[in-house]
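Chain nomenclature is as follows: A, B and C, assigned in order of appearance, with residue numbering initiated at 1 for each chain independently.
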Amino acid sequence: MKLYIKSSDCISAQATFESALPAELSLPENGGLTCLKPDYKKFISPKLLRRMSPIIRNGVTCSLSTLKQANIEVPDAIIVGTALGCLKDTASFLTQLIEENEELPNPTHFIQSTHNTIAGQLALLLKCTNYNFTFSQMHNSFECALLDAQLMLLDEQANNVLVGGVDELPEVSYELTKDLDCYKEATLGEGGSFFVLSTEESSVELKGVKIINSPDCNIEEELKHFNLSINDVDVVIGGDVAENDATYSAFQHKFEGKPYVWYKPFMGEFGTASSMALWIASKIIEEQTIPQCWLKSGMDFNNYNNVVIYNNVGGEQSLIVLSKN
Amino acid sequence: MSELKEELKKQLIEQLNLEDFEVSDIDDNDLLFGDNGLALDSIDALEIIVLLEKEYGIKIADPKQGKDIMTSVQTLADYIESKR
Amino acid sequence: MNDSIVVTGIGVVCSIGTNVRECFSSLKNERAGIEPIQYLNTVHKERFKLGEVKRSNEELVAMLGLSHNDADKYSRTALLAMLAGREAMQMAEASNGAMRTGVVSSTTVGGMDVTEQKYLKQADHSYLQTHPCGDSTRQLAHFIGATGYYTTLNTACSSGTNALIHGVRLLRHGIVDRVVVGGVDALTMFTLNGFNSLMILDTEHCKPFDKNRKGLNLAEGAGYLVLEKEQDANHFLCKVPGFANANDAYHQTASSPEGNGAFSSMSQALEMSGLSTDDIDYVNVHGTGTNNNDLSEGVALNRLFGKGKVPQFSSTKAYTGHTLAAAAGIEAVFSVLAIQNDIIYPNLNFEEAIEDLELIPNTKVLEGKGVNNVMSNSFGFGGNNSTVIFSK
């Protein structure tokens, strides 16, 4: 059985929402990369919006737009990946507890702090009583959600699954995490990308996702699982956070001469950043062109069949492969 | 009393993030809960209980007991006055 | 895709014991673990009773055979996960040696126990390494030598069963040959104050399904099962014929008065299992002891089984307290033990039935009657409802 990406959307620090791949990128000033805010009120009533932190706003808005594009009112499943969940509410509640010595903290922060708030809010808004999962496995959170969606569709337990990844970077967590070893070279960011993964045909086929937790990754071997060789790959999307990111140099080397897309310098590094890469990949297949600003190396050649996405943060690695249908 | 009600309205707007409301939008007798009025929900009720304790030193141990007190800004103000 | 799935190992730690043997003995002897606060650092020490694991972090480190110097590398959450996960794996080890083992764990607050002690107090933020939910799972996977595939679910208090559901998918698609599934949560000041702010904590020992119930007792622990395909297993403890996840889509924290989500997760799990309502010998209910949960779950039980026809049921949370993401894992272990030993546990502290429901849980240790099929419920915030069925 083949699986397809029927629709997708992305909220990020770039003008990606309800848009094609932007032909221009704004480069970050100092600090982290925060999302451009869409008009949330187009999607969410003010009554609900008033309690929502950025991660919930972005996750819900992005999901609703994705569903709308696919003409789906209620998906057969909602599966969300988030590495750190609702950080802003978590930090607010915790700060209050510590500063006020556990006296009368506000319940709303606690309620909104649980990781599955995004998927839960979507269920409420859509009156969707179906399967509702939230994965949180650090830098593979989105990949695990995608794998679960894929397997569920292959098992014929669903026809259309809403799946996505989302994280937020409130100021407090920027200050806390910017110096952590695994982020030293990176510009931190936030955002969300959602997809309707479907058994119904579209122009973008999801070949699969592979999660690799061992330190080594033999790319040739891994591609065999997707019936591909290095030669078959038309474009690769790497998780490089900087020009000379040693983590990806061996990987990039394997694909020398092919267009190499990067995104983290403009969208930021975060736990579910690879969901951004999947959005970019599906746009490349749909549009068959890559604006120059996304290319770290290589040239746009307007003919893209197979796209490989590779992510590796601290040894938690993943490959996602898309093909043109 | 009217000062108290004004203050309560400000606190409600702030604490419940009623971004689209001004003090003048809330009448003393507007229902806080239910569809005709501010349409607040059970999460707001918990927040109002915290507000009463923090700002006015009034403890409500049983959320059910809070129902009658939290009908409107007027009933909230009456209750606070009665405890003063 | 319809390969029969079996349980080949179980492991547990909670307030009534640090391993399967201890917990089973407590269950049989009606010994609850809910007591005044001994370990958790909170200003509410005198106010609440909790289901703490009666071991300090140092003691847990020693039990795990870890170096004392490494103690800082682990959150309490990770330590509890490693203790229960190791026990489950040791029991399953008799099966097949060289298999690709995966881990699907779950937790609601991950390493919050560490974060809340250091946040705003320490300039060096390296303690945040243990904060993400995925950290305890990674530690568990490394500790038991399972580095093929591991992941973490966080769907609040239904998480453990959802971990099982994802784990079964991995087995059936051959992504792993064997998978450790379940959940863990350590007690934290964060969750204690959180649940307190929702006004759903009982300051006394909780009374699930009682008319005068006042709320839940928070607790900690971990519970894991090892799952394999029946065809790959040399021996097994019981089968897992049915499971389901559904959403109530009613309210962010409360359950619907009609128990819609609970009804659908139970009926879908039953349908998958091919069993009928008459086949269920025991229901290990979610039964937190809150006004809302027990009423909603009770309505759903009556809807599914018919009023007056609900099988023997009990909430073991009056023993253990509510361990959040660990609850489904721990109660899965208890369900497997019920089948292995033909035993039904009592619902401690029950006195009077909830009006209109006419539901009376089992109140004594019942032995000697065959327990062939057990249903276990786990429900969480966000309307998340899950049910799993275990069979002889």
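The rule we apply is simple: contacts are C-beta pairs under 8 Å (C-beta built on N, C-alpha and C of every residue); 3 or more make two chains touch, one makes a residue touch a chain.
In this text, all values refer to a predicted model and were calculated from it rather than measured experimentally.
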| item | value |
| --- | --- |
| Chain pair with more C-beta contacts, A-C versus A-B | A-C |
| Chain centroid nearest the full-protein CA centroid | C |
| Longest centre-to-centre distance from subunit C, chain (CA-based) | B |
| Where subunit A and subunit B are represented by their mean Cα positions, the distance between them in whole Å | 40 |
| Distance between the centres, which are taken as Cα means, of subunit C and subunit A, whole angstrom | 30 |
| Per-residue overlap in subunit A, given as positions that touch at least 2 other chains | 104-107, 111 |
| Residues of subunit C touching at least two other chains | 197-198, 251-253 |
| In subunit B, residues with contacts to at least two other chains | 43, 46, 50 |
| Residue ranges of subunit C in contact with subunit A within the complex | 1, 42-44, 108, 110, 115-116, 119-121, 125-126, 128-129, 131-135, 137-138, 141, 147-156, 162, 166, 169-170, 172-173, 175, 189-190, 193-195, 197-198, 245-253, 260-261, 264, 380-384 |
| In the complex, subunit C residues that touch subunit B | 197-199, 251-254 |
| Sites on subunit B touched by subunit C in the complex | 41-43, 46, 49-50, 63 |
| Residues of subunit B defined as touching subunit A within the complex | 15-20, 39, 43, 46-47, 50, 53-54 |
| In the complex, subunit A residues that touch subunit C | 78, 83-85, 93-95, 97-99, 101-102, 104-107, 110-111, 113-117, 119-121, 123-124, 126-138, 140-141, 144, 147-148, 151-152, 154-155, 176-177, 179-181, 211, 213-214, 271 |
